[in-house]
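Chain naming follows the written order as A, B, C and D, and within any one chain the residues start at number 1.
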Amino acid sequence: MTDIVAIIVNGLVYGSIYGLVAIGMTLIYGTLRILDMSQGSMVMIGGYVGWWALATHGVNPLLALVLAFVVTFVVGTLTELVSVQPLIGRRGEVDFEMVTFITTFAVGILLTNVALQHFGPFQKNVPPIVSGNLDVYHGVSISYHELTMAGVSVLLMGALGLFLARTRWGFAVRAVAQDLDAARSLGVPVSRLYPATMGLASALAGVGGVFLGALYFASPTAGDLPLLQALIVVVLGGLGSLTGTLYAAYLVGLMQAFCEVEIGTTWTLPILYTAILIILVIRPYGLKGSPSEARL
Amino acid sequence: MTAALDVSGLVAGYDRTVVVRDLSLSVEAGKTAVVIGPNGHGKTTMLLAISGLIKPMSGSITLGDERIDRSSAESIAGMGVVHIMQGDGLFADMTVEENLLMGAFVSSSWRGRRETLKRVYADLPVVESKRDQKARTLSGGERRLVGLGRGMMRPARVMLIDEPSLGLAPVAIEAVYAAIAKLRAESGATVVLVEENFTHIGGVADVVHILETGSIVRSGSFDELSHDRTVVETYLGSITDVTT
Amino acid sequence: MTETAARSPQAILEARGISKLYGGLRAVDDLSFSVKGGEVLGIAGPNGAGKTTLFDTITGHTIATTGEIELGGSSILGTKIHARCRMGLARTFQQPVAADTLTVLENAYLAASFRRGRTGRRSRSDDVAAGQAALKLVGLEHRATMAASQLPVYDKKRLMIATALATEPLVLLLDEPFGGLNPREIDDTLALLRRVRETGVAIVCIEHVMRALVALADRVLVMHHGAELFVGTPGEMMRDQRVIDVYLGASGSGAE
Amino acid sequence: MTGTFSGLSPTRWLMIGSAIVLVALFPLVYTDPYYMTIIVTAEVVLILNISWNFVLGMAGVWNFGQLAIYALGAYGAGWLMLHQTWMPAMIAILCGGLFSAVISVLLAFPTLRLFGIYTSLLTFSFAQVVQYVALNDPRGLTGGSYGYPTVPGLFPNMSQTSYLRAYYWVFAAVIVASCLVVAWLRQSHLGIALRSIRDSPGYTAARGVNPRMTRVIAFGLSGFLAGVAGGFYLSFEQSFTTSQMGLTPMSIDVTMLVIGGLGTVMGPVIGTAIVTVIQTILIDYPGWQLTILGATLLVIVIFVPGGVVGLISRTSKRVGAWVEEDSDAVEAAET
């Protein structure tokens, strides 16, 4: 019985953090029609901000999260301006989706190696946001850090949902996702909206990075694993829809928790990727089985 | 009377293919100009150039006394140009009300959006009855009315309407043109309406222009043109061919 | 152009009860038609009447929800796009399209290499010659080494017809061949298509430019909301009240 | 008959001939083992890049599983060399190539049902699965992260200089052969069909080309060459670790292809050379290596669309066009 509780608890925690990182990728795919391969390095930057704020300067944890949000928002906006905006005018003659896959990938390489250059190759220890553990069921305990991570992730995803459903700029993001020309003809300033959207998505990953920093250290390659995990969630959930991404995030979280408890962590990612491989072969476009136009 | 909208020597198209060839057209303030022409001869391209969604290759477009052919679609929309696109350009996965609210996106109209929404619902009861449905679930005629309603959500100096009767059953076309007549009466905006066939524009057009292979070939009032050789020629092909 | 398809009385292309549903929308609604060798069937109707969707079900670019399609007497339901071409069904597209990074001759050569009349081992010189012949037919032989992407609209439309003819089709499906052309280009294309008809190829042609459709078509099928509104000669079409109301507009009636 | 397509003018043949002679003589003149090792390793990477360029650039299929195919070729050849010692090493490597070709064809079928991003995600996932399985080294088939056990290889007992020289010549020969084959393929019926599918799939299918089968052949051919490259790497380096397949080597290879010019014959050669030189110069600053490469990739993709080869052909065309204008003017004057 304890196994099941452990699987569920861990599954929900993993699901939340995967959701936070993957939902940014879906938001970007929905509006810009690109797969942002630099999202992993935003998690890495979040980790370093967490290390800088918490380990070396003992800043209040909440402030560290806000700082990570702001820093990665700026880096995300710059990434869009450097690797996507120059290509938007040339949608006709260049395979836009593929080229931006490469240019965001290149930015990911750049950021990883700038971090390597600046912080050195060794892993840095990031203190947890909140210390202490909670006993859930005899034998099964969860750290307060992980609980806060899940809580903040759900909070941010909820806030994103409300922003899209209620606010003027949320409408504009959804409108751009569904009919770019119609949105522009109504006055939506696309050349400012695109960078801001990528900034927002990167900021979500940055906040996630602070939490993951405590679990897996801050290091130049700290972004690779979250990128691979987010790709799994995005493929499963279908690139277009936020709700699809949410379901997929928790499904992957539960699968990972199951593998870790029953089989052992080394086999977790191979199993997840094998699952993806099988799904893409049987249902060519993820669980929904059809190329996903943006739902947002 | 300075023209509300003046297009002169417009050349436009897509990457290298020129569709609009040296087109000139000026519309007096408050008047409705209807542009008629066979498919693929540049009607939609002309509107896309005016509203800035495509960059004109050469020629000038002036709104009142301001040149807009170099501005972005977003800023042209802010200057009061409303473009009701071909097909309707609705956001399929947003509700009818959300689509209408997007019509008032520009900052000057966003604050007063609730009142404007009430007025549009009063004018278009059909649209109000479907307010919470996703646009994707509506019929062709209903979608066209929502598109028009969205255009009415903010004050328009110039309104561009692209083939409102496209693919609609005759009864739906009547409802759409009734809405257009109401819109013209209330807003007093200058209207450029593009259509493929001739039947419905009688009650709406102050002046009619015939567009063929990318430029305006004839202009005149609706009555003059509807009994005119060249109009029949453009549409029906020379009758002599048929008898051989 | 080889004299393969002699003018046969029996229909070359037969479509019966074709429907295509997208969710609730009936894009094509229980439509039937047939066309014989050397005959031109025009397809007309307002925008969104389902004309191109009908084409796509015949060529296999979309799967018909219901209906039977027979080419030269044998059913082609379920066969892939490229197989239908090799059986003698060639089409052009509404937007002029070609393999842009290839030269004009490479485009024609590739199509000719799958032509119906090709027998035995593939020989490059025969295929290239067949490609050049198709280019000469549409007057593009002097542009052979130019990249297809550099062709102006009218030449790209002609290249599309040339590559279609290079596959030696039994039936040629044309999607708005006259769209966007000026009067001289319309007349040249009319002359070309009349020459193609003489060789016994059946032609099915979607067209909006009335003058060209009326001059070329033996019979016209007018579609509205996916269904058949009218079938008959162009002359009958001009005087049919339903067609005038739905498609031609008041100017039609003003033309007594 | 090839005259109808842009065949090679005599001067071009002369240039290629002299280049080959120069490449052949090089190891006789230059024998510094440190740089020779770098060059020979770069040759293997070049063979892999030529194979990847064929499916990625010419066939236009976004296949990110090529490094896994390359690794499977190494493991296949390695197993044969270890357990079938009667078999000469070269045959083992070629069989490794065939093994990879079969895997590549099997991968092609599900991949070709997808388009765009999903193609790269499927093949990327395939590469991750192969890497993880290899890492956990089932029944000692892959040697896991410690690397494949040493194998006799092509030239088992040789002095270092002749060892390097021998491999240099073998790999150079394979590179020249591959480039010529690719150049011939590009103008062949298969090559024209592949490029046509890449440009507009719907139109090409409507002209009788079977898109799926044509591209499966491209997967098979490129899989074979990638497998052979894997076998060569194992034979030369005497080991093959799973780190050969990770995200970093893949990003370096992509950079080489894009900088050189995707879909061109000489692109991989120029791209691999440029990036190898950059890597060698920056050998003492590991952090800077990938930063510079990342930045170069970004600049080239945005500002130099066709890569270096694209740039060269555009400038030579412009020069050519300029020359032609003169000759047209002259012709016009004569008639």
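Some points to look at:
Methods note: a residue touches a chain if its C-beta (ideal position, glycine included) is under 8 Å from a C-beta of that chain, and two chains touch if they have at least 3 such contacts.
Since we're looking at a predicted model, the values are computed, not measured.
A centroid comparison over C-alpha atoms places C as the chain most distant from chain A.
Chain pair with the most C-beta contact pairs: A-D. Taking each chain's centre as the mean of its C-alpha atoms, chain A lies 49 Å from chain C. Per-chain Cα centroids separate chain B from chain C by 32 Å. Our note on geometry: chain B versus chain D, Cα centroid distance of 54 Å, whole angstroms. Not a single residue position of chain B touches two or more of the other chains.
Residues of chain C found to touch two or more other chains are absent. Taken as a graph of touching chains, this assembly is arranged as a ring, one closed cycle with exactly two partners per chain. Residues 62, 110, 113-118, 120-122, 124-126, 128-129, 132-133, 136, 247, 251, 254-255, 258, 286-291, 293-295, 297-298, 301-302, 305 of chain D are the ones that touch chain A when the two sit in their complex.
Of all the residues in chain C, the ones that touch chain B in their complex are 46-49, 96, 152-153, 176, 179-183, 208-215, 225, 234-235, 238, 245-252, 254-255. Chain contact summary for the complex, chain A toward chain D: residues 35, 82-83, 86-87, 93-94, 97-99, 101-103, 105-110, 112-114, 116-117, 224, 228, 231-232, 235, 239, 266-267, 269-270, 273-274, 276-277, 280-281, 284-286, 291. Interface residues of chain C facing chain D in the complex, by the touch rule stated above, are 59, 61, 80-82, 85-86, 90-91, 93, 97-103, 105-107, 109-111, 113-115, 122, 124-125, 127-128, 144-145, 163-164, 166-167. Chain contact summary for the complex, chain D toward chain C: residues 1, 4-6, 189, 192-193, 195-196, 198-200, 202-211.
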